[in-house]
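By letter and in written order, the chains are A, B, C and D; residue numbering begins at 1 in each of them.
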Amino acid sequence: MQANERVRPLRVGVAGLGRLGRRHALNLAYRVPGAMLAAVCSPLDDDLAWAREAISEARQYRDYAELLADPAVDAVWLVTPSALHAQQIVAALYAGKHVFCEKPLSLDVAECERVVEEARRFPAQQVTIGFMRRFDSSYHDAFSKLRAGAIGRPFLVRSQTCDLNDPDGFFVRFAPGSGGIFLDCTVHDIDVARWLLGKPRATRVFAAGAVALHEGLLEFGDVDNGVAICEFEGGKLAMFYASRTMAHGNDTSSEVIGTAGALAIGHLPRSNRVEIYDAHGVRSECTPTFFDRFEEAFLIEAQAFVAAVRARRDGEAGVAEDAAASAGQGATLEDALEATRIGCALRESLRTGQAVTL
Amino acid sequence: MQANERVRPLRVGVAGLGRLGRRHALNLAYRVPGAMLAAVCSPLDDDLAWAREAISEARQYRDYAELLADPAVDAVWLVTPSALHAQQIVAALYAGKHVFCEKPLSLDVAECERVVEEARRFPAQQVTIGFMRRFDSSYHDAFSKLRAGAIGRPFLVRSQTCDLNDPDGFFVRFAPGSGGIFLDCTVHDIDVARWLLGKPRATRVFAAGAVALHEGLLEFGDVDNGVAICEFEGGKLAMFYASRTMAHGNDTSSEVIGTAGALAIGHLPRSNRVEIYDAHGVRSECTPTFFDRFEEAFLIEAQAFVAAVRARRDGEAGVAEDAAASAGQGATLEDALEATRIGCALRESLRTGQAVTL
Amino acid sequence: MQANERVRPLRVGVAGLGRLGRRHALNLAYRVPGAMLAAVCSPLDDDLAWAREAISEARQYRDYAELLADPAVDAVWLVTPSALHAQQIVAALYAGKHVFCEKPLSLDVAECERVVEEARRFPAQQVTIGFMRRFDSSYHDAFSKLRAGAIGRPFLVRSQTCDLNDPDGFFVRFAPGSGGIFLDCTVHDIDVARWLLGKPRATRVFAAGAVALHEGLLEFGDVDNGVAICEFEGGKLAMFYASRTMAHGNDTSSEVIGTAGALAIGHLPRSNRVEIYDAHGVRSECTPTFFDRFEEAFLIEAQAFVAAVRARRDGEAGVAEDAAASAGQGATLEDALEATRIGCALRESLRTGQAVTL
Amino acid sequence: MQANERVRPLRVGVAGLGRLGRRHALNLAYRVPGAMLAAVCSPLDDDLAWAREAISEARQYRDYAELLADPAVDAVWLVTPSALHAQQIVAALYAGKHVFCEKPLSLDVAECERVVEEARRFPAQQVTIGFMRRFDSSYHDAFSKLRAGAIGRPFLVRSQTCDLNDPDGFFVRFAPGSGGIFLDCTVHDIDVARWLLGKPRATRVFAAGAVALHEGLLEFGDVDNGVAICEFEGGKLAMFYASRTMAHGNDTSSEVIGTAGALAIGHLPRSNRVEIYDAHGVRSECTPTFFDRFEEAFLIEAQAFVAAVRARRDGEAGVAEDAAASAGQGATLEDALEATRIGCALRESLRTGQAVTL
């Protein structure tokens, strides 16, 4: 019976079937050992029609409450609008489900804190926030080398999230709800910096920005290019750059500098191993979007979550912790809270022109 | 019923469960939409024990004839010793199975020709030889650019297969049966060259070699580093390099040169997107083995084979051909025959010191 | 006679014969068409002994006043301690000499302003401050592409000056007089940023720092790693990084980002075109010092200065301005004043933890 | 007097003032310590007019015999048509001059041998053939690392000389006298291979070629793309590629592979340290011509020759040999003979389609 238990797959319900939600659903349906896609949930006809075709075995719900009520769902996977994340996580915890939720936890620090508080009541349930870079094989390799002492004591991270320019300025329409460039984009770099530097607390930040192309952002106090410095306790530092206006592709890279060396991840955002020699010189084409860049990371992230939950289920605490650790160190609610806290401080600094102390 | 037919998965039986066989089996079991791993076949207890644990749903056979007799197997997947490939392909065809077979088809040209001859009687059955580089995303991107005219008319391919040195010289023990460095390693480059140059026929070859480290090869007339030139009809050319003695990793790369540009695939065999800055300078670690380099290609190759068979089953010839084409252009028996023919000529040239005319 | 005049070389006197002074002296003696090294000046016996051997034709002075009194010296070349620069420039102008002076003009803004004021009285005399990066062929190529519109409107510069760690901490002893990391190192990046962005005025800066290895800096309020943001009028931005603790070499690089593309200069500080493939992976060794990196720039800088002075002498104003422009756009006193002004503001920000408005 | 002797410059006479001749003349006039450009020689009015303007101090001759008769010329520098090299070298030796001669020594093996024979009578005179790659700082760094054992025992060189396509096919008109692509281009790679492999003797070669664009070459038995293999004694190997039809620039690179690693020189022919990020991806522009690529090498080569002659003059044989060695190891007449011998064998192999034994 225990053996039977051990091999029972984790039954996952995905809420939200936009572009990224569909990717997660397909991964969980076909590519994550130990998981099965039990159900999906979306209020949109198009999404459900897509699901009937692509993942026909999954039960379908229009209402999140119905999904939570399904006893044959062990974990929910939230790929819903950011404004819903906090309340949906809490509801899922009360319904006894494990939770995977896409970033951000919330754009509001107080709300993040409430979720952290609530979650403390459910220590047996896994909650992971989807900072997928931690699962990218290159980021993970750098993290491992760092832990092994390859560059001495790390003290500075430089990290950037730069998107290919969208001439239609699609994101301008989402500016009111995105939280601005630092909460929307830099939040990934903040998480990377904390992760690579050993999760220090931020003490002071400064940010500045420019509108290079998308003047529609001005009315929301947002920018299409932002730069920032973050000071952490213990004399650690981070520099961030975010852009919506790259000409060459999605250029996401990070660098961690230590007392005995440095590691760069993603310098030159090559789309693959091809180089073109022609009248333009020698060139590499670039990853067009974060989807192309992190396609594999989304999969590994899902595999790690499932492994972590199964480790909890199977074993003693010690085993579970080990498994969770080796499962790739997904971001906790506390990590997500800190990322939002720093992102909000950056936004305030951008608006006031002053350094903000945390 | 047809719909039912359409969604029925392709039931595959894998023969041979060595390192690569296990990889194929796991891919087919968990990662290839439209396929199911119905059965496995190996004479070895260890292999079957592994299968009971890792892919427990698959039926198990010790004898290849039993696998062929299983009516609930649509296709066989041969990852058996090379010397068995030819006869096993023919037997599978007579048993009504589609066939995927790892390279090489055979080290003997006459035997390759017999298989080609036999296979003509079974036009409804798919036979693909596993030259996986065609399915690597970078090779595929280069091929697509080439077809789109990005570099004009291609006339020269340079391609290499270079393995990390194995101080134990494991491959020396296999030298008697490997066919030598050109049939074991360069055969991939030969296939790449023909594929990128439009499948021209070879007209003349020359080869030379050196024993850099593994003197045990001398008694078999083999070398641990080989270089070769191949002339094709229409004034096309290829240069090959194969090595067993690299210090930095598996360095597999190719380059195709055209009248208006060139495309290089895999220059600098970076293992990932990390760069290390330390007292050694700035460096990238390298892919240690062809497994690491082509892990994804083995999967895509399997997906393409399954898609090709399903396209045959579903559709009119035209559809099937299209699907097969878009499925990534796996190597046919004729391609495999030509690769062996050229590889044998290279071996002869190495032995005689003379150019060999085909 | 005019022809004779035209071919008369510019007679240069070099003051200061430390490591960099000797480099300049050798360049002027042997490698700058149109220049001759007429005299050298140093109070140190060792320096004069070196000069007797290496550049025996040059007259020798121990006292700067003597050099200025030499009527057969047209221009002075100041490679003296920074604290002397301002007064020596003014004295040279009053003595009727053209002046090339190594950076910085002065660490004190008011003193910089005095020199700018004084120099206005001598419009016929060339004064250039040695920001040699402007003459590096790669920086110059980027500047030309920028001017030609290759990347649209530039709005952000990222630039760094990172030195190989000196375990002996030689620079710690110089900390009291260096002005700190931003005035000593970042001043180059400030000049690069202003040059590439069209010489905008800075409006606000923020800086932070860390002591990674050299704790002796703490007593001087200095750091061995510093990061900074500088906002310019017109919504332009710069990010700076300076380090004394690199493990891999001197890593000086810059990047300018525009509305239609970006240009990076010096990513990966390769020392030359060699790549090493070995058990460490594939690597490039790095330029160990700024000397190695900018050896050629120091020469071109000298050639440009000489060309600029000769153009003034030969021609009408128009011609001279053109020549000066094409001569590579050396930094003016005003440029040097701005660099010091921004550098001082960064130092203040580092000390106060607050953004500083200019 | 000895001191006087020691500092007397080497008085050089340059014969031939085409594009490369002018470069050499300017280097010798202004940039080579210890040398002076004493005279130039050309039958062409244009060349002499250029010289009057650019290097007015040099005496002018129209006739090579006059140059040789000038007692105030210590060394001649031959940048004349290849067909004249052999006889001009011998004449210079009889006239008591040291000789620097551009490659090739001669396209005819017997003629090369005659020069070698004659030169044996003049052991006190320096004769160097201009294989400038040996003086390129990257090639030299690789050579030094090799000598220091960085890659174990070297056994394979891959080297290429690839020119940017000239749509006018200028070189087609010179095809009758160039000796074909292997004697014109690959001769550099042959010399590099022998130099890096320790000057082994070639034992067998094979070559093949293609006409990609310039069909006018067919009537001369020449090709615009050539590939070759060269076997040396001791089991050493080389692979060569030469092209006249590159789309991206002059792509000259070499690689030497040893038992413990490899060194690549010039992979990716970047023109400088700038990378361009735009809609084409990330790219480097390439060196357009060998002039741009090897500009500095021509200078160092000249400095090394002058240093070598001065070392002979100053010292005992031992010192001279050391100096010559450290001066960069220019190619001797014997090296040039071997390069021609191998180049001629490649041409024969191209014509016959057979391997050629030496």
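Just so we're on the same page, a contact is a pair of C-beta atoms (placed from the backbone, for glycine too) under 8 Å apart; a residue touches a chain by one contact, two chains touch by 3 or more.
Treat the numbers as computed from the prediction; the structure is a model and nothing was measured.
Chain pairs A-D and A-C differ in how many C-beta pairs are in contact, and the one with more is A-C.
When chain centres are defined as mean Cα coordinates, B lies farthest from subunit C. Mean C-alpha position of subunit A lies 37 Å from that of subunit B.
Rounded to whole angstrom, the centroid-to-centroid distance between subunit A and subunit D, based on C-alpha atoms, equals 57 Å.
Averaged C-alpha coordinates give centres for subunit A and subunit C that are 43 Å from one another.
Among all residues of subunit C, those that touch two or more other chains are 151, 246-248, 260-262, 267-268, 270, 275-279.
For subunit A in complex with subunit D, the touching residues are 246-249, 251, 268-271, 275-286. The residues of subunit C lying in touch with subunit D in their complex are 30-31, 33, 137-138, 141-142, 145, 150-151, 260-267, 270-279. The residues of subunit B lying in touch with subunit D in their complex are 151, 153, 155-156, 158, 204, 206-213, 225, 227-229, 231, 235-237, 239, 241, 243, 245-248, 257, 259-262, 267, 353-355, 357.
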